[in-house]
Amino acid sequence: MKKNLKEHAKPGEYSTLELMAVCGARAIKNGEVVFVGTGLPMVAAMLAKRLHAPKAKIVYEAGFIDSNAIDIALSIADSRLEYRASAAIGLIETLGMLLQGGRVDVGFVGAAQIDEYGNLNTTYIGDFENPRVRLPGSGGGNDIVSSAKRIVVIMKHEKRKTVKKLDYMTSPGYLDGPNARERAGLRGGGPSLVVTNLCQMKFDEETKRIRLATVHPGVTVETVLENTGFDLIIPEQVLETEPPTYEELEILRSVDPMGIYIPREQK
Amino acid sequence: MKKNLKEHAKPGEYSTLELMAVCGARAIKNGEVVFVGTGLPMVAAMLAKRLHAPKAKIVYEAGFIDSNAIDIALSIADSRLEYRASAAIGLIETLGMLLQGGRVDVGFVGAAQIDEYGNLNTTYIGDFENPRVRLPGSGGGNDIVSSAKRIVVIMKHEKRKTVKKLDYMTSPGYLDGPNARERAGLRGGGPSLVVTNLCQMKFDEETKRIRLATVHPGVTVETVLENTGFDLIIPEQVLETEPPTYEELEILRSVDPMGIYIPREQK
Amino acid sequence: MVEADVEDKRITLKEAANLIPDGAHLFWGGFGFQRPPMAFAHELVRQGKRELTIYTCGSEIDIDILAGAKVVSKFELAFFAIEGIGLAPNIQRRIRDGSVQIEDYTNLAMALRFLGGALGVPFMPLKSMLGTDLVAKSKFRTKKVKVIDCPFTGEKVALVPSVRPDFSIIHASRVDIEGNAQIDGIKGEDIEGARAGKKTIVLAEEIVDVEFTRANPDLTVIPNIYVTYVVECPWGAYPMMVYNYYDYDMEHIRMYYQQCKTEEGWRKYCEEYITGVESHMEFLKKIGFERLLKLRARKPFGY
Amino acid sequence: MVEADVEDKRITLKEAANLIPDGAHLFWGGFGFQRPPMAFAHELVRQGKRELTIYTCGSEIDIDILAGAKVVSKFELAFFAIEGIGLAPNIQRRIRDGSVQIEDYTNLAMALRFLGGALGVPFMPLKSMLGTDLVAKSKFRTKKVKVIDCPFTGEKVALVPSVRPDFSIIHASRVDIEGNAQIDGIKGEDIEGARAGKKTIVLAEEIVDVEFTRANPDLTVIPNIYVTYVVECPWGAYPMMVYNYYDYDMEHIRMYYQQCKTEEGWRKYCEEYITGVESHMEFLKKIGFERLLKLRARKPFGY
């Protein structure tokens, strides 16, 4: 029996990673210029483009502009991303002219640590002089977070990742509060949405501090708080994240049919 | 009867413009990167490339790199210059990366005025606020004179053009003397040769002031001085400019067969 | 999908010129004789625009016409003339009568100002202009150039302010309806200029199908994201040249130069070829089909 | 003419690597999985180079191998990992044992540092890094970045020092014997990097005739003037990818990652695939013709 595609899937019919990808996709509006990396953000952008945002233009920092890839890429510079692209140029074009030039509407990034102003760490865990782990570094992350009009952060929700003080600030959220970005000379709008495996978080307009927005189906506010290392603002009413529709799931699974970024068994 | 191609032509067998083009061509060594505009410098570079400097690479600021044009161009951006070029890019490439990047050996420029330090004016005749004539301006001239390793100036020799004080300094010769270029932050070597319709001039190593090098056949030192507005250093011995060889003339005339830059009747 | 995924950015030449308000700041594409937006210049004159500011490296008849018709009152540029022929006749007169002012930079400085605008930084460093009147003197800009000591090497560096004009006007070889543009041959400062404008209008010799551009992303030098509108405009650079399309018409250019030496001659030219014709197509008809065909580029030369 | 007008810049891979002295500074081309100079990395290891400094945006197995073999002691870069798999295993260990130091920039900052080097200016401005530890902290550079107030707008701007390395190493699609190089697909930071080096070595999948390159100057992205030497090096980016030529070999990459998690595993890999083979050709033979053929790019996809 064919399901109604617009209906929401039931618990157990989708995985947390699928829900996270759907949350990311919904943050993309039709016609927007979207700056993504590989992994969940790529899957989210491809889903958006095939569903509600066919005119979204996906940019990958290696140089692919308005990519229409039909195969899942494993690298940001993967030849797969050139399929029916507008152009294939380089980093000065994507990070410089498009992004720093102010033409990117929404950028997606990940992080190993986030603080309550949305500042991000992707470089060091532990002490700068003698770190426990040396992460990959900024890549284009700092550039994206500095200059895109909006930022969506997608990351795992753990106490040690949601911290009061970052081990190293790789990318600027709202720094130490209101107007700090402007004072620092940053032009981009800063983080607007954080999607985790537990919830979605946004930022308080006035204080620029992070606040809970929605909890994923089956997750309680208490669970979120237990897994959060910083002081999370909890609004009076916390809604539940809208589950994926069957249509979203169907397209999502066609985007990543091999389950490279969203393994099927997690369902 | 076939003339010996290596022999020098006799007076009356060549025009002054032909001699000037030959002087320019001789200033180009094989393998050098040469930055030229249209007109006599283009003809000179094409002559050099067909004669003693086949590996010279001719760059035109519009974006033509290592041009091998077979037809005479009327504009610096003329499609004719793309023939068998290495690449066709743009001004950031030619003036920025090649020239300012330090890869141009010799640049050719013209001028409406020159002073005794080789500073050049191509912008205003008369007062800056209320000029008599507004010339075309720097174009790439200042860029070339700022950054090429050597500069060859080709211009008409008149008292009002060889002046003690320029109406406007468009391009930097040796400014006000030794080390002035370095102090100003300029990296190029500065003017090394001035070719006029009367003579060739070079620059005194120590004082950086202009001095007579050779007089063209039939021209006396007195004639040069009568037509010079600044104090020209006259060395003890002034040689005569070596006249064109028959080979030089033959190739030169094949480069510009229609006499566009070197009209035939001037002979 | 919610709607067709190919956006159609086509407008007419008249609509495009009509977008430009009096007083607007324009990046002006093409370099020398190559791909100047001549048809767009004509249409600005026909529509009687006023007080425009134009940023370009070096341009020729196209901007001389804009000065002659008093469409432009300010230029920031490095070079103007009619190469191989003489000084730009209308601009000379307009400077003398005070209706046009020019701020002087070098070609590299202007190209870098467009690159800076494209990159979204407020200035760019360069090693030209140093020690000369290009730094010491300015006509109307209060902040024309600033010489600083490099914080890394100590050497002198000139900083020039980036340009982000209201509109960038480019004449390309080909473009699709989404705005993916290709340019054959030299690009002058058009790559940077197309990315510097707040809005960018791409005129092109031909509009090609999206299948053509999407099949080879490596050839697109101005991607759709930068392009606001596209205008199909064949022979749009005549009497100048477009590589792989047509050669210049030196006879027309020389006639222009001779005639425009006087104000009366310029008015006659303007009336005959610009304001006296209804459209770009009427202008081309006036030039004549046979004459245009003779100028077509021959393969493999491109001119 | 005094001699043939086509200069032959071909040398062998061994000769190319032999040009690099211990302690040299290198721009390292390719981006992510696309066109890394893998074969050149192998040859540097075989020749036992030491104390190199590498400048790049983001690189993966290629620089992990150079760190593992202690060829490189310093990196200035923005990103290193084996994308989609995990952290670069050798670099992690070399950081811990103190034999490798990394100075951190962003991808845009590094790309601009190469653009600045190419343009011959001592620094470039950017609007990233501001307000973060990328400005506040440095590992070994005394002058890593300088934040200034823009003299035109007053806003904060970060200045990063330009890079002019001793050598730039690029793996291109095609090159002619004079050094005119073409790159299919994305160029990463190779356009700027190729122009930043004091000397530039272009390795390429194939050497093509000068007739081919000269017939279409618009396709040459690195003109001969910048190129000191060329090396024909088919499958030179294996196990990574070259657009239009071949796909990556994920099986080999995963095996590398797993094996190099330990020093012993790395030593075994290095001995088996790098130092234990005589040349790049022997390495390819070891991988096997059949396996390589399976990776060939299919038209029109390019992968």
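Each chain carries a letter (A, B, C and D) given by its place in the written order, and its residues are counted from 1.
Please note the rule applied: contacts are C-beta pairs under 8 Å (C-beta built on N, C-alpha and C of every residue); 3 or more make two chains touch, one makes a residue touch a chain.
This is a predicted model, so every value here is computed, not measured.
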item	value
Pair joined by the larger number of C-beta contacts - B-D, B-C	B-C
Euclidean distance of C-alpha centroids - chain B vs chain D, Å	40
Whole-Å gap between the CA centroids of chain A and chain D	29
Distance from the mean Cα position of chain B to that of chain A, given in whole angstrom	58
Chain C, residues touching no fewer than two other chains	119-121, 126-127, 155, 157, 185, 218
Residue numbers of chain B (touch at least two other chains)	64, 82, 88-89, 92, 96, 100, 147, 187
Full enumeration of touching chain pairs	A-C, A-D, B-C, B-D, C-D
Touching residues on chain C, where the partner in the complex is chain B	30-34, 57-58, 60, 77-81, 83-84, 87-88, 91-92, 95, 102, 104-109, 111-112, 115, 126-134, 137, 147, 155-158, 185-192, 241, 243-244, 247-248, 250, 297, 301-303
Residues of chain B that touch chain D when the two form their complex	30-31, 33, 50-55, 57, 59, 64-66, 68, 82, 84-89, 92, 96-98, 100-103, 147, 187
In the complex, chain B residues that touch chain C	38-39, 61-64, 71, 74-80, 82-83, 88-92, 95-96, 99-100, 119, 123, 128, 131, 133-143, 146-147, 168-172, 175, 180-181, 183-187, 260
Chain C to chain D touching residues, read off their complex	116, 119-127, 143, 146, 148, 150-153, 155, 157, 159, 161, 184-185, 215, 218, 300
Residue ranges of chain D touching chain B (in the complex, touch as defined)	1-5, 7, 118-121, 178, 180, 195, 213-214, 217-218, 220-221, 223-226
